[in-house]
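The structures considered in this document are given below.
Each of the two complexes below includes chain A, the first together with chain B, the second together with chain C.
Entry: the complex of A and B
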């Protein structure tokens, strides 16, 4: 074998392996499990109009405070004996609320709010944080210093308090958008502001590292403009970290949305929301209706858990250097 | 090599990873959820006994109370008789075992002020215990008990003479005399004039012309007109005796009022209740973000003889502690744990939670509360628009969904005053659900300000309040085919925006009241009518700016003026039969015009929880605040 052949063999770029989901699932079984949970929740939320049993906001759709039951009849409703002769629905997969709303339908529709707000929040928060980090860290100097201190100040404010304040401050003035009500938009912006500084701080470190890399220096030497360097040479190398941050931030965003809704600052009263459904009547009637807290709580936990373990696996897959570190 | 890279090998090499932690947490959470689910109750249990588990209802005798409201002399005689009976009983009773203890109550938020002459929520416990009123009134017994006054006499239809209890002192040692009492009563009108429209109980003194300190212990009132409600109104907390020196030295200016001669008079309030303000059995020991505490005052005057509800040597209970607990589930938990002595407004669906709890008692009462919807008069100045709103509402659906133990239609006067209230048939001839008629009326109505969207505005905090608002919004959307939304804000913001002086409000419908509480004072105003009164809540809920110089609307001023004259006429009518006729006419007038507000069906019954250790507390009176002045209450510590 000639020297050229040997060198060609040694430095040859191996053919890119086609992504095999089954192999990935075997390597990352918990990540795969998380993905399954996410898919299930997404299907439930997306197909809510097909899967629901009654309008989730309809009062008296079922007997008040009736437990989960399949093929049950009004005779099962001993505690509602004062309403003899009234026939109720036969299926209550997750039971009903004290005002007779169907909890199964509410949990399905509640997933829409959580996912919608979670995804929109993370997209806005991550993208804005990344862009600001890219511009500030690449520019350096006073700009970097000023933006950095501003981020420090925002981070110093407790997250929920920041979201609460912003929610109250901007909530009245926003419009309804297609697919995003005024209240949802308020949540998205308030929670995004909560995540943006954290994203900025992580991405800034990445930009500082990349800015000093040899290929950026080479680009500078050949006269590439700053915008071109940022767009063509730095940004693509940040995608992996962006995806990891997104996967980690999303469950946190869902939890913040649930917290704000729990505090009564989320979506419009009555709109199905896991956080809102965990407060109010769910607390007051928990001893009589365990299902009021369990099902929205499980849905929320499953979603957050799914995103967490999926994000963790994604991080391992995209950045093998971080494997195994807590 | 590849086999060594599988997950399980890596897991063995890495006993504690973030993922392991997450998985462990998830499994633990799922296990905990399963255990909780297993421990929970389910609907297979027989809950049908829940209503039976509650104790027998103590029927409210509002009717009797109201019938006799104007008969002041009879009431005074009853008080004297009761005093004699109590005196005899007290002479033989050893009551040492009743003394001591702390009564534990709750409220949702801090008070906004403690001046008894200014209307505020969440302050009555402190005012009733630290202040002295002329007397107390128990509606269920139609009984007046002497407190600060030992006698009173209506010498003619417009003259009332008070005799003050001798040797009373304010907490700082100042004497309680006729000058102080006349000052206390006359400042009510000053406060009302200077403090604006927030005081809605002004009908309790507007008929009074002046108060005269006749001698050291006698005050004579001269009225402009007779007033049928006066005897009962004088038992309220705003008739408290306030120390003029404290107001002078520590009062904060709340504005000025213009006197008849054109001069401006600055008016002062004692919102922080400085020491020495009152002369009641307790003094304010603590008032902060966690609640309030009042403690026994050692120099409290004797009640000798003591009327019903009073004890010669002062109250049995040593202290009252009121904790701020905003959240309903926490209040319930505290009550069930034995940390609270009163748990108001039990939801019928939670009765089962109290079964088998020996330390609590749940009492059932006919519900006398209200759930109201105010309409912005600026937008709904045309009667047809208001009529459309009321016909779009699904009353039966509302009862079905939100009144689990039944609901009752309510007119402008509560059914708890049957001698005045309209029948269910009369009310339902106005309040019925007819979406078709509603849409026709809506189309025909004149809207100076186009209404293409209805916002139902309410205070946040109580899930049932939100649900009432939600139902209202749904009903309007379905009935009128109009876009609706709900806006729930904190109570302070809610009140500010409800009262905002504007040509049109930034809401269309104002939802307030749950319609689940019980009781009545026996007065029509207290029993719903005030919500239609342009001088009271009807003013704010409708849009008070429209009656005033700011944004006058001719048709509203005309209707409002007519209603006020009718209301004044009934207040002045002391003959019960004649007054009942006037009140019926007023109610039909209100319903014919679909005036300003409408009443959603309240619950038929209400439930209240009390700790078993609370004795001699007259449950009916608790529903009307008067029981909180009951000094003969005591705490049975072994209960």
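Entry: the complex of A and C
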């Protein structure tokens, strides 16, 4: 073997291992379980129009406050079918609400709001936080100082109260977007303001670190413009961190959305939403119908739990150094 | 060190003024007439609204309104509520802040005690059954929403035993300390659950990071008892991120108190603020949000000073 061949062998980059989902699942059982939960919830929310049993918005779709049962006949004397003497069976997997809406269908559709608002919030919050951090850290000086103090101030206001104030401040004059109603857009903007300062702080640290790196210095030496350095050299190196921050803030965003809906500041009244279904009207009936208190909360907890454990193991897989920092 | 504290103390008022400006602008741009909501539709006579807005200066341009508010606030006058009876905002806040601080304080103490004990146990017995149980429970703890646990705690006992921890007959701490604590302990425990879970997770990770360091091996090899190795070498060195987290959690706890007060029916700053936000009683909203921010800023300051006590290597 010639010297060149030997050197080639010694310095060869080992072939990149193909990502094997099964091996990952064995190494990160918690993460895999989280992924399963996420997939289940997404199927439930995504395929809600196929899986639902009755229109979630319709009053009196079933007997009011009826317990969960499968393929049962209605015992409600007031029900239209009963009065007309039609034999009539229904599925009430999760029971019905005090106004006779079907809770199973509402929980399915409620997942849509939570996932939609959560994902949109986190995307906007992470993107905006990253862009601001990039610009501020790169501009340095007064700009960096001012943005930093602004972030400090926003962090000092408790998140729920900030979102609450923002929600009432901007609620009226927003447009309806396709697939995102005005109320949902308000929630998204109010909650993403809550995540921006935290993302900004972490990202700023990262930009400062990367700016000192040798390859940025090399790019400066060959005369690359600041814009080019930011776009071609710094931004690609932040994607890993962005993914981790996104996956870790998502469950928190879903929780804030549910809390605001619970306070009555979420979606339009009557629209299925996990937070809203736990509040207001149904709260008075929790002692009569345990299912009212259990199922929307269980769905919410399961979703947040799934995203939490998946996010954790995603962080450990992508960048174990971040453990304990995020 | 003293210089650092003085510098930080000087920054506090500027920061609070900045926060008040942000909040004022947020509240100012909100649509809808505060006067209309405050005096109610029964008095929706335009002349009345005119007089109301005149009286509370709601027609002035924003900079005049803000300047007036700030000038008065600096002398300790926070104005009067828009809703009748127009009580001084300072009095309303003083009536309610005690309960909120009490819940918040008990919550943070309980969260720290439980969080640190569970975290240390989990780290010391890592990869044991106990550790796995604790890890599962803590992830569940940060995943289950506070308000859901709160409504379950309020409604389920009512169904089973005809008893509920709801504060139907509220007494203040000065009137009957024992009864007061027996009411407050419930919301505090529920809020502490999530914070304790977060703390426990961080204690575990940051202790495990230190466990295999050289100085811990040195401490063991010079024959120190295991307990001493863990407390004075591992635990103490893993405290910095934990103290930071407990400081940051103050914000989350203060936010959580709002919802807990609402569910348990406790007359605190949270219930007051919620009511004020909905009624658009802007002097009250502004001042109570400022009070929340003030508490947070003070706690952050204390945390930063604490760093130097925990880790003498840190000097400012």
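Here is the rule we go by: the second predicted complex is superposed on the first by the 297 of 326 C-alpha atoms of A that agree within 3 Å, B and C clash if a C-alpha of one lies under 4 Å from a C-alpha of the other, contacts with A are read in each partner's own complex, and residues count from 1 in each chain.
The rule is simple: a contact is a pair of C-beta atoms (placed from the backbone, for glycine too) under 8 Å apart; a residue touches a chain by one contact, two chains touch by 3 or more.
Quantities reported herein were computed from a predicted structural model and do not represent experimental measurements.
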item: Which superposed partner A:166 touches (first chain B, second chain C, both, neither); value: second
item: Touched partner set for A:259, first chain B, second chain C, both or neither; value: second
item: Touching partner for A:186 - first (chain B), second (chain C), both, neither; value: neither
item: First (chain B), second (chain C), both or neither touched by A:290; value: both
item: Contacts of A:130 with chain B and chain C, given as first, second, both or neither; value: neither
item: Which of chain B and chain C A:27 touches, first, second, both or neither; value: first
item: Contacts of A:273 with chain B and chain C, given as first, second, both or neither; value: neither
item: Partner chain(s) touched by A:249 [first = chain B, second = chain C, both, neither]; value: neither
item: Partner chain(s) touched by A:99 [first = chain B, second = chain C, both, neither]; value: first
item: Overlap of the chain B and chain C footprints on chain A, listed as residue numbers; value: 30, 283, 286-287, 290, 297, 301, 305, 308-309, 312, 323-325
item: Chain B residues touching chain A - in the complex, by the definition given at the top; value: 5-7, 10, 13-14, 16-19, 21-23, 25-26, 29-30, 33, 36-37, 39-48, 50-51, 327-329, 332, 347, 349-350, 352-353, 397, 400-402, 404-406, 460-461, 463, 466-467, 469-471, 473-474, 485-486, 488
item: List of chain A residues in touch with chain C within their complex; value: 30, 149-150, 152-161, 164-166, 168-173, 251, 255, 258-259, 262-263, 275, 278, 283, 286-287, 290, 293, 297, 300-301, 304-305, 308-309, 312, 323-325
item: Chain A-facing residues of chain C, complex; value: 15, 18-19, 22-23, 26-27, 29-32, 139-140, 142-148, 151-152, 155-156, 158-159, 202, 205-206, 209, 241, 251-252, 254-256, 258-259, 262, 273-274, 277-278, 280, 285, 289, 292-293, 296-297, 300
item: Chain A residues within the chain B interface of the complex; value: 26-30, 57-60, 64-67, 69, 76-82, 95, 98-100, 264, 268-270, 280-281, 283-291, 294, 297-298, 301, 305, 308-309, 312-313, 323-326
